[in-house]
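Two complexes come next, and they have one chain in common, chain A, joined by chain B in the first and chain C in the second.
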Partner chain A sequence: MTRKKKEALQGIIYILPSLILILSFCIIPIIMSGYFSFTSYNIMTPPKFIGLENYAKVFKDSYVVDAAKNTLKYVVITVPIQTFLSLTFAAFLAYKMQNKAGGAMRSIMFIPVIASAVTAGTIWRIILNTDGGLLNNILGVLHIGPVNWLGSTSTALISICIVAIWKNVGYFLVIYYAGIMGIPKDLYEAARVDGATTLQQFFRITLPMLKPITYLVVTLGLIWSFQVFDLSYLMTGGGPGRATVTLVMGIYNAAFKQYKMGYACAMAMLLLVIVIVINAVENLFFKEKKEAR
Partner chain B sequence: MKKKRIIALLAVAAMTVGMLAGCGSKDSDSKSSGGSDSGKKEKLTLWMPTFASTDGEITDQDFWDEKAKAFGEENNCEVKVEIIPWDNYEEKYLTGTTSDDGPDIGYMYMEMFYDYIDMGALVDVDQYFTDEEKSNYLYYDLGNLQGGQYALPIVVGNPRIVIANMDILSQAGIDKVPASWDELVEACKAIKEKVPDVNPFMQDWGNTHYGSLNEIYWPYFWGAGGEIVDEDGNLTINTEAGKEATEFLYSLKEDGILPESCTANDDTLESFKNGESAIILCASSNALKIEGINWDFTPLLAGPKDSKTFVAADSLVMFEKCANKELAAKLMKYLTSAEVMSDFHQRVSEQPPITADEEYTGDERYADLFSEYGDNFQALPVFKGASSMYDTLYKNLQSMMLGQMTPEQVLQDTTDYYDTNLK
Partner chain C sequence: MSAQAVKMKKKSSWSVASVIGLLFLLLFTVICIAPFVYMVIMSFTQSTTLMITMKEVHFTDFTNFKYVFGNSGFFRSLMNSLIVVGCSCFFNCVIASMAAYGFEKKQFPGKEALFKVYIATQMIPGQVTMIPVFIIMKKMGMLNTYFALIVLIINAFGVFLIRQFMESVPDELLEAAKVDGCPEYKIFLQIVIPLIKPVLISLVVFTFVTSWNDFLWPLVSTTDSDMYTLTVALSLLKTQYQTNYGLVLAGATVSFMFPFVLYVFLQRQFVEGIALSGIKG
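Moving on, here comes the complex of A and B:
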């Protein structure tokens, strides 16, 4: 065996464990979902090929349409806010709180990330309770009447967005914080010598240098947001009405409540396409900016 | 350097082998559940839901383990009991069944049956029961579904009853629990006027699960003379009866009898226990958990056409995958025997007897409930897409309570959605 072949074989062996995992839990399920999406399949009996019927139905299903609208609203609300907040907090902690208190603050802000969705959902249900909930009690002190947070269509989705932002900010904050700490200090020193203000330093040095991090944060945020399920399922069950149903909830219901695995797979494939398209657009945006620079 | 590389390669190989081993089929232990190996104990798996209260005398697991052990000793077999929590109950059954990791004997409620029977996953158990045994069961026929005896009713009870805080009622000048729609409205108006600090009536429209319909919708629907499906399985909620019941509920909200916060409320009993609500409908067993409140009840809230309320009719089922069906049937008989059920009703969950040879040992207040009102108790029908239909209806009713749909739209939209997507 030549040296080149030996090295290639070694490389294959090294990546084999990861490859097996990715194939078993990502690639093969995606291919199978793609196949099932063209079938009528109830899990217990063999799938029957029905062509594009599932896809045709998906677009006519009012539940899916409502779920897609809600998911989109959720993405539009959560991704920019959580990105902005995590960057702001990270910058504040990096520039103004390089001490023990800052460390403690970072740890505290990370707690929601490690809390399970069940715990977070349950706690927030209590906080957002209309009668006697913590938030309404606080509003009461300020002489503001109680808000039907989870029981009204106008506030239910926003309430879930708030909880999601609360849960995600800590995670992205840590990523941004690490990114900020990795920016060479001499850049700031040079800027200060040139008379740049703190704000100018932030917008002219920090933000551009954090572009790869922002790309990661936005990408992860988008993917997670499109996959929203647990908080909505736990806090409102998709209600009131269809105010908080989401695409993944639709997939879950079709698969596990209606036993329509083929239909659920068709929805899943569409979601996959949406996420890929949005990521491609995002990629283009970040690439263009990079080139322009 | 070479040594390091060899170690690394060995580590990678070990990881790969470990993962592949993890993906392998089950060991011989699972094979024995089929009972094919002579000399080994037969094995059965039993899945039961949770009934025992957290501060109860015994846990569900301990109770059923105790019974399984006794059965196992008598029949030289081993019964493995798994307690399945109510959360995502249907999903657990589906994933268990499809991954061949499900039970030999399980516990199902009405909404679950259609698909499992349709898919051929359940056994028609009629052949395993003698006429004498059948006649001893009070509700054996309730298990006759879709042309076969696919279910053996084990919990038939827990009717949704009307309970009222009598102290609040007396402050409002009322001395008995309202027993009809008109009486309910009258009582609530009086409470609203004389005891304005409490909610006259409460429903949990903020619950995340459609199961709430059993107390907040079906009793009214049936009271108006409605039927959920016809004999051919067609959805028949969009009728005059359906409209009347739905409009009545809508009027309760519009007239301020139901508070605005009902759309966020997910625990009616809690609100009653705290003295915040005067009248609610709840499961009879839950009412017994109320302490410190002077409460009374009436079994039925008579509607303009009928007096019916929801009653649970949950059953034991045998799965086709069960290797020793004779033994499984024997276990089903044992679990539903007067001996086991009587103990269950006393130590775990108070329910009425399901066999003629079991004596009623429950709360005295309910002594006549099942003997006198049995005909007024209605179980949910078995039909295709039941769970999803209930979920659609529930969500539409929530929208109505928020003023975003009319009662007519609720019924029309649910029927259209069912006919197009679920039937």
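Moving on, here comes the complex of A and C:
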């Protein structure tokens, strides 16, 4: 065996375990999911091909429509707010508080990130409790409420959004903070010599330099938000009524409560399309950015 | 005032806007930590209402924790989570570093194309593959096994993460070892692995948190209560003991403590792991 061939063989052997796993639990399942989405399948009997029927049904199913609306609302509320907060906090910490106190704040803000959604949901469900929940107690001092946070259709989804934002800001803050620290210091020096204020420096230097990071933060934020499940499953179970059902909850219920695997796969494929579109748009922006340079 | 302090003062002037900003930041910091403090405090109370005063908090009374651990189901779930997390971390490191080494240091046709496929798979949401994987596992009789819980944690992210780091391992070093007649597996185990230790720690941290906090897949793939992971058990504790808030929060405290302690000790690796995953675009 030539040396080249031997090396190629070695390379393939090293890659093989991961390749088997990725093939069996990612690539093949995607193909299966695509196929099942055109079938009626309840696991017990073999899948029956029904063409586009599942997709036609998905768009008419009022549960799915509600789930899609809620998910969209959740995305529209969560992503801009968490992006804005993480960026401003990161900028403030980087400009004004590159000291121990700032470091401690960054460390603390990361704590909600490491807690599981189950832990976070469990705590917040109790904090948001109508009778005697911590938040209503605090608001009671200000003579507000009591508010039925999770039990009323007007506040349940917002409450979940707030918890999600609370949980995500620390993560994106770390990314933004690292990004700001990576901006060459002499840019700021030059701006200061020219008499630019802090605010001007932020809008003229920091923000443009952080563009690629903002794309990333928004993309990740969008993708995660479209996949929201844990928090709403734990805090409200989708209720009251359908006020907090989400797309993934729809997939979960169809597949594992009603065993409509084909139908659930059709929903899952739609979720995949959403994610692919978000990524494609991000890549488009990225390319534009690279070419502009 | 030292010269440096004067310089610092000049550099950052604290305007009214900055003070307001600082107050917001402080408020948010408090909001980030307060729920966890509340969780720990409440886990030391015995009450079916939330209307409690600090007088009802007894930090020496571990009744809730004893109950949680005495409750065989919950303890079993804790063990399950530890086993699953341990194995996930180990196998993810082994499989990902092997693949990363293959991709970075070996030449074979179609390598870069295959790597692109690996990266593309990272984009696919777990909920999309979950249903067919569930069906595969069911047909194989693998539901309710550690295998099912572990295997899905391993994905292309680790390969990508380690490959980036492996660029810094000099080819000359590996070449020299080969010339000296060092067998291939020894080059990998005794030269490459020690050199990539820092990134392996980052991957362990990342895998630990992902696996420990995973909820939807364990919820779907475990129907036998003996196989529940901690997140599933905690979600059930919540429905079983609705108003026994102290008990539910004791469970939450236990499940939170493990990643939290890891975070306290390996803070830098947590942050680095994220910064690295952040740059993947």
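The working rule: the second predicted complex is superposed on the first by the 252 of 293 C-alpha atoms of A that agree within 3 Å, B and C clash if a C-alpha of one lies under 4 Å from a C-alpha of the other, contacts with A are read in each partner's own complex, and residues count from 1 in each chain.
By our rule, a contact is a pair of C-beta atoms (placed from the backbone, for glycine too) under 8 Å apart; a residue touches a chain by one contact, two chains touch by 3 or more.
Here the structure is a predicted model, which means the values were calculated and not measured.
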Touching partner for A:I251 - first (chain B), second (chain C), both, neither: second
First (chain B), second (chain C), both or neither touched by A:G239: first
Which superposed partner A:T153 touches (first chain B, second chain C, both, neither): first
Which of chain B and chain C A:Y63 touches, first, second, both or neither: first
First (chain B), second (chain C), both or neither touched by A:C265: second
Partner chain in contact with A:P17 - chain B first, chain C second, else both or neither: both
Partner chain(s) touched by A:E7 [first = chain B, second = chain C, both, neither]: second
Touch count on chain A, higher of chain B and chain C: C
Which superposed partner A:I43 touches (first chain B, second chain C, both, neither): both
Chain B and chain C footprints on chain A, overlapping residues: 10, 13-14, 17, 21, 24, 43, 125, 129, 131, 233-234, 256
Residues of chain B that touch chain A when the two form their complex: 5, 8-9, 12-13, 15-16, 19-20, 23, 90-91, 94-95, 97-98, 115, 119-121, 205-209, 260-266, 271, 276, 385, 387-388, 391-392, 394-396, 398-399, 401-402, 404-405, 417, 420-422
Residues on chain A engaged by chain C in the complex (per definition of touch): 4, 7-15, 17-19, 21-22, 24-30, 32-33, 36, 43, 85, 88-89, 92-93, 95-97, 105, 107-112, 114-120, 122-127, 129, 131-134, 166, 169-171, 174-175, 178, 212-213, 215-216, 219, 223, 226-227, 229-230, 233-234, 248, 251-252, 255-256, 261, 264-265, 268-269, 271-272, 275-276, 279, 282, 286
Of chain C, residues touching chain A in the complex: 12, 14, 18, 21-22, 25-26, 28-29, 31-33, 35-36, 38-39, 42, 49-51, 94-96, 98-99, 101-103, 105-109, 111, 114, 117-118, 121, 123-136, 138, 151-152, 154-156, 159, 184, 188, 209, 212-213, 215-216, 220, 231, 234-235, 238, 245, 248-249, 251-252, 255-256, 259-260, 263, 267, 270-271, 274-275, 278, 281
Residues on chain A engaged by chain B in the complex (per definition of touch): 10, 13-14, 16-17, 20-21, 24, 42-45, 57, 60-63, 125, 129-131, 146, 148-153, 233-242, 245, 253, 256-259
